[in-house]
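Next come the structures, one after another.
You will see subunit A twice below: alongside subunit B first, and alongside subunit C after that.
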Partner chain A sequence: MKAPKWNKQMLVAPYIYISPYFILFFIFSLYPILYSIYISLTDWNGSGEKVFIGFDNYMQLFSDNDFWLSLWNSALIFLMYVPLMLFVGLILASILNSNWMVGKGFFRMALFVPNFVSVVAVSFVFILLLNTQDGLINSVLRNIGLIDNPIPWLESPWWARLSVAMMVLYRWLGYNMLLLLTGLQNISKDLYEAAYVDGATKIKSFFYITIPLVKKMLLFCTVLSTIGTFSLFTEPYILTQGGPLNSTLTPVLMLYRESFQNFNFGYASSIAVCFFVLMMVISLVQMRIFDEKE
Partner chain B sequence: MEKTVKLQAAGHGGGKNIWSSSLAFALMAIVSLFTLFPLFWLFSSSLKDISEIFVNPPIWVPSVLHWENFRELFVERKFGIITWNSFLLSTTSTLISLIFCSLAGFAFAKYKFKGKQFLFVLVLASLMIPHEATMVPLFSIYKNLHLIDNIWGVILPDLANAFGIFFMRQYCMSLPDEMMEAARIDGCSEFKTFRRIILPNLRSGFAGLGIILFVKQWNNFLWPSVILRSQENLTLSVALKALEDSNNTPYHLIMAGSVISVVPLLIIVLIFQKQLIAGMIDGAIKG
Partner chain C sequence: MRKKRVLYVLITCLLVSLLTAACSSGDKPAESQSPGESGDEKVKLVVWIWETAKDGLDLNMDAFKAKYPNIEIEFQTMKSTDLYSKYLISSSTGDAVPDIITVESTNLSQIVQIDALLDITDRVAPYKDKMSAYKWEDATKDDKVYAMPWDSGPVVMFYRNDLFAQAGLPTDPEEVAQKIQTWDDYYEAAKLVKEKTGAMMYGDSKTNSSNRMFESMMWQRGLWYFDGDGNVAVDTPEIKEIADYLIKMQNEGLVYDARANTDPWGNAIRDGQIATVVGGSWHDAIIENQYSPADKGKWSVTMMPKWSKDDKYSGANQGGANLAINKNSKHPEEAWQFIEFMLGSEESQIKMMTGAGLFPAMLVDDNASLEEPSEYFNNEPIRKVYAQSLANTYPLAYTSDFPMANKLMTDVWAEVFLNKVSSDKALKDMADELRSKTKRN
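Right after this comes the complex of A and B.
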């Protein structure tokens, strides 16, 4: 008697279990992204009537220097920290992977701490450290006689980009190191022993064994960093407000400005749609890498 | 015999070379200094008077500890209720997400149903929609739903968590099918099976995902700063930014507020560090 009842339940249960997710997904993700595409074809300030203007917003966006600059800035910031982060991260991971290292637990946590501390808090600390007049770094550099004139960390375009890049490095070095460490832990120690018997130095082993074997993981970290860098918002928003001269303007910061500061909702939506397409392309690349891995 | 000893040393990364190990240790120490120093500066500055923030020579540790920075935040800037908001928001959002994610993850791991393949691909694809790209329409939807300046407006979009479904699905797949079958034969209903048999076995998954979601929500900034307006509805991250005044930024108060935002998380993370690190790595690699 009971068996049919179970079967019926078993048929219905999974749909009930997944329904909260799909209901929320349709309301808060799918519908808004489709709506976003529609708004991007209109001229709208958020409260008045939407005026349909076709692809005008996109025409304007593609001839807007700020938009290209925001992508260019992201690319520059990426180049400033990602190679350094992966290289240092890999060296640190190798050190943590060796048996003789002491204080592993402490160092692992010390490197990882910046990743979960509030970005807003960290950004304000960096303002205190990098302030041109009497920020800590300039004071120390001047007191020990390394520089005569203060470095305009947040006030000249190239220094500002570098400062943002250093802050991103600060936040993500430990995280990437942990990912690389998991990659390293999968390498058999026998390989290093064989290399040692053949007379390879430790540096040679690093370049000929370690790097090739964690190549996939390095690639994976690079893709994650690409997504992260192109969606940067809080760091430049608090450190530099996108300045000076828009040198730290990022796509999301530009989207925020156009929407919630200038109320050009139509124009902002065209940025949002382009940003969505960019992220989708990067995610597809990521999935391909991931598939090859398996 | 000697050969074996040498090989062992090589396996340990050549630990016999005292110089290279010292160098490695020094490098590690320098990088740790780079990551920990800003936190030291944060704590030190939170106890300074505003006049001690930008001075040369720098004040490493203030001679008089200005605890009144914290008092001012709690008494005059409503940081008591703001901290409570952050806590309430992060906890509520995490707990509900855990329930939804484990239900959906369980369904995708252990049931056969029509359209499963397609629906799972849809979950996968939903990861590609960045939250930032939905802000403008969501804002106008919120106006109609009266979710502006409401912490539920922050919580709701984050409950649909595709990453969490993946995460819990992995854990559910590792549970043996016999567990469910035994429960069914004993006459448990499907939901009772989930609640009594499956949930207790997902504890480590809950810990890992829970801590990730909590940290993420605690530090959430962009969307809350768009929709939260009145001082008594703010979260800590938003309130910190709101302290910034165009002419005269009270950096001492911002630092004290940052300490309030950092310390609870630091404690929680130190307790759950294993789960957090394991969860983050699993999440990044499998998701």
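Right after this comes the complex of A and C.
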């Protein structure tokens, strides 16, 4: 009689063990997701009654220039910093991974610190640095004679996008460098020794051994950065409030604006749903590429 | 061995913390069981507020505690914009906390529209005529009143008399008001100031304007983003006139390019690069305490210019706050007692005016403290100017879509200055967008 009971336990136990995650997932993730899908089909000011209006919010959203602009902005900001970040990150990682480097721990930490310093505090420092009239960056550039007129870092669309991109770069360079470093550490030293014996220079082995072998990690970083860029919020919110002319408006910032500033929760939810679908598609595409390489 | 010892230390720590936690949670009910000294049950009210407004209420807290010993007040401070979104969440879940919220007039109508505040129509009835009339409109929906007016921001002109003197302009407040009667006079003065001193007339951003100057100029003429029927009015000729005036000021280089009330703007004030601030009375504290404490005696205050000499109203309002009660509050009676004590009595209001620079929405024209000279502002009785401005303010409301209209207006300037779009087209586009977003005509 003992054996069947034991078997039954064996059958049930795993589900009990994993249930905490699923219970929390249902309460804090699945339910809110389904609920916001429902809200996206209504007209709701956050407090009163919800009026069911079908797909009107979506129709409005697809004809809303701001929404398309926010996606375009994210794509531009992505292009401005991600290639640079991955390239510089990889170079820094290989320097930190080499035998001759001293003080590795210090540099690793120094590069990573920007990532866990409060982003709000960093944003305010950037505002001071980038201030057109008397910011440090413009003062320095002017004093060394590189520019005559102050650069409107936060006051013209392209400079503002660049400023946001640079701030994101500053925050996430160290993080991506660490990811790449773990990738590098998995590469066998034998390969480099063999290449050395064959007479390859350091630069050649970087391009022909390092880069191909960390490709997987690079793709992983790209996926993370894609999601990160499209859901950027704090940086543009504090630096530029999405301006000028919505040039640094991101989908999440737009969602915030519609919900908590304009009290259009139905419309804001439709942004959330579209954003969710878009991110899922992009991630699936990127994971597809990721798989093929394997 | 060492590892084991560390483990023991950890376990002991854990046990001790568990024990204290257990004890403290056991203590609590015991404490609340002890009867209140007055015999009455103590009521605790939670008030959501921002720092500068709390400074005002603090001045009256001792008197309040003496009068209502059974009401305990807990202030929770946060940024005003955070306050609104947090309140929205707590009210949509039917939360009884906070009992009282502070709302700026700029956002009041928007909050009233979501039906989350307690109807206090009967309670405020005795105060209807004691407050500046314009304050009630944003607090009202369907003839029901949902908030009690607190303070106003009567718009006046602060100016640097040293820069004015250098430019050959008068410096005495009366004479300045006489010399700069209209916005055209203001423009002429701006050119003089620029030519003689190099300073700019005022500060406003081309691409990230707060629109405060523009809104004050609309307000004093009874114009607004929306007209009396609630239709979008941004593309009317009168408003275009004002926009064109401000564009002219910018294009002729008479304006310091920084958003008002930001650090770059304040630093320019400190460095004497800005000659005037046309803004709400609360700018006195910003100039005196925050940005320019060293310039005692250099600033004066007078009435703001008008559009045309014959205009009936000359003043405008900028900001100002209100107190309102949560619809779901468990203690609406006590909450109203608090609000009435703070805002309904002239004594409390005057204290907040003299001590915290909050100019009352309550009409206090006869109060002696209006005559008090301000040391920083050349011993001028500046509050008299505020009262005069308030008495001449057009009775206008911010309306519920003001926050959105304000945001869209910022982009109008950016379109004009960055993309060289004509003011006509920029205003028309903005009006159309506002119409479609607010479903107005």
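In this section, the second predicted complex is superposed on the first by the 257 of 294 C-alpha atoms of A that agree within 3 Å, B and C clash if a C-alpha of one lies under 4 Å from a C-alpha of the other, contacts with A are read in each partner's own complex, and residues count from 1 in each chain.
As a working rule, a contact is a pair of C-beta atoms (placed from the backbone, for glycine too) under 8 Å apart; a residue touches a chain by one contact, two chains touch by 3 or more.
Everything numeric in this text was worked out from a predicted model, so none of it was measured.
S.K.: Clash or fit: subunit B against subunit C, after overlaying the two structures on subunit A?
M.R.: They clash.
S.K.: Identify which of subunit B and subunit C touches the larger number of residues of subunit A.
M.R.: Higher number of touched subunit A residues: B.
S.K.: First (subunit B), second (subunit C), both or neither: which does A:211 touch?
M.R.: So A:211 meets neither subunit B nor subunit C here.
S.K.: In the superposed arrangement, which partner chain does A:133 touch: subunit B (first), subunit C (second), both, or neither?
M.R.: both
S.K.: Return first, second, both or neither, reflecting whether A:243 touches subunit B, subunit C, both chains, or no partner chain.
M.R.: In the superposed model, A:243 contacts subunit C only, not subunit B.
S.K.: First (subunit B), second (subunit C), both or neither: which does A:46 touch?
M.R.: In the superposition, A:46 touches subunit B and subunit C alike.
S.K.: After superposition on the shared chain, which partner residues are touched by A:155: those of subunit B (first), subunit C (second), both, or neither?
M.R.: After superposition on chain A, A:155 lies in contact with subunit C alone.
S.K.: Using the touch definition from the top, say if A:261 reaches subunit B (first), subunit C (second), both or neither.
M.R.: After superposing on A, A:261 lies in contact with subunit C but is clear of subunit B.
S.K.: For A:32, is the partner it touches subunit B (first), subunit C (second), both, or none of the two (neither)?
M.R.: In the superposition, A:32 touches subunit B alone.
S.K.: Is A:170 contacted by the first partner subunit B, the second partner subunit C, both or neither?
M.R.: Only subunit B; A:170 stays clear of subunit C.
S.K.: Given 93-101, 219-227 or 345-353, which part of subunit C has C-alpha atoms clashing with subunit B after the fit on chain A?
M.R.: The superposed arrangement places subunit C into subunit B at 93-101.
S.K.: Shared contact residues on subunit A, subunit B side and subunit C side combined as an intersection?
M.R.: Of subunit A, residues 46, 127-128, 131, 133-134, 260 contact subunit B in one complex and subunit C in the other.
S.K.: Where on subunit A does subunit C make contact in their complex?
M.R.: So the residues of subunit A in touch with subunit C come to 45-48, 127-128, 131-134, 152, 154-157, 240-241, 243-246, 257, 260-263.
S.K.: Please give the residue numbers of subunit B that touch subunit A in the complex, ascending.
M.R.: Residues 6-7, 10-15, 17, 20-21, 24-25, 27-28, 31-32, 34-36, 38-39, 41-42, 45, 53-58, 100-101, 103-104, 106-108, 111, 113, 116, 119, 122-123, 126-130, 132-141, 156-157, 159-162, 165, 184, 187, 189-191, 194, 215, 218-219, 221-222, 226, 236-237, 240-241, 251, 254-255, 257-258, 261-262, 265-266, 269-270, 273, 276-277, 280-281, 284-285 of subunit B touch subunit A in their complex.
S.K.: Which residues of subunit A touch subunit B in the complex?
M.R.: 2, 6, 9-11, 13-15, 17-18, 20-22, 24-25, 27-33, 35-36, 39, 46, 88, 91-92, 94-103, 106-114, 116-122, 124-129, 131, 133-136, 139-140, 142-143, 170, 173-175, 178-179, 182, 189, 192-193, 196-197, 202, 220, 224, 231, 233-234, 238, 252, 255-256, 259-260, 265, 268-269, 272-273, 275-276, 279-280, 283-284
S.K.: Give every residue of subunit C touching subunit A within the complex, in rising order.
M.R.: 81, 84-85, 88-89, 91-92, 110, 113-116, 205-208, 257-258, 263-264, 267-268, 403-404, 407, 410-411, 414-415, 418-419, 437
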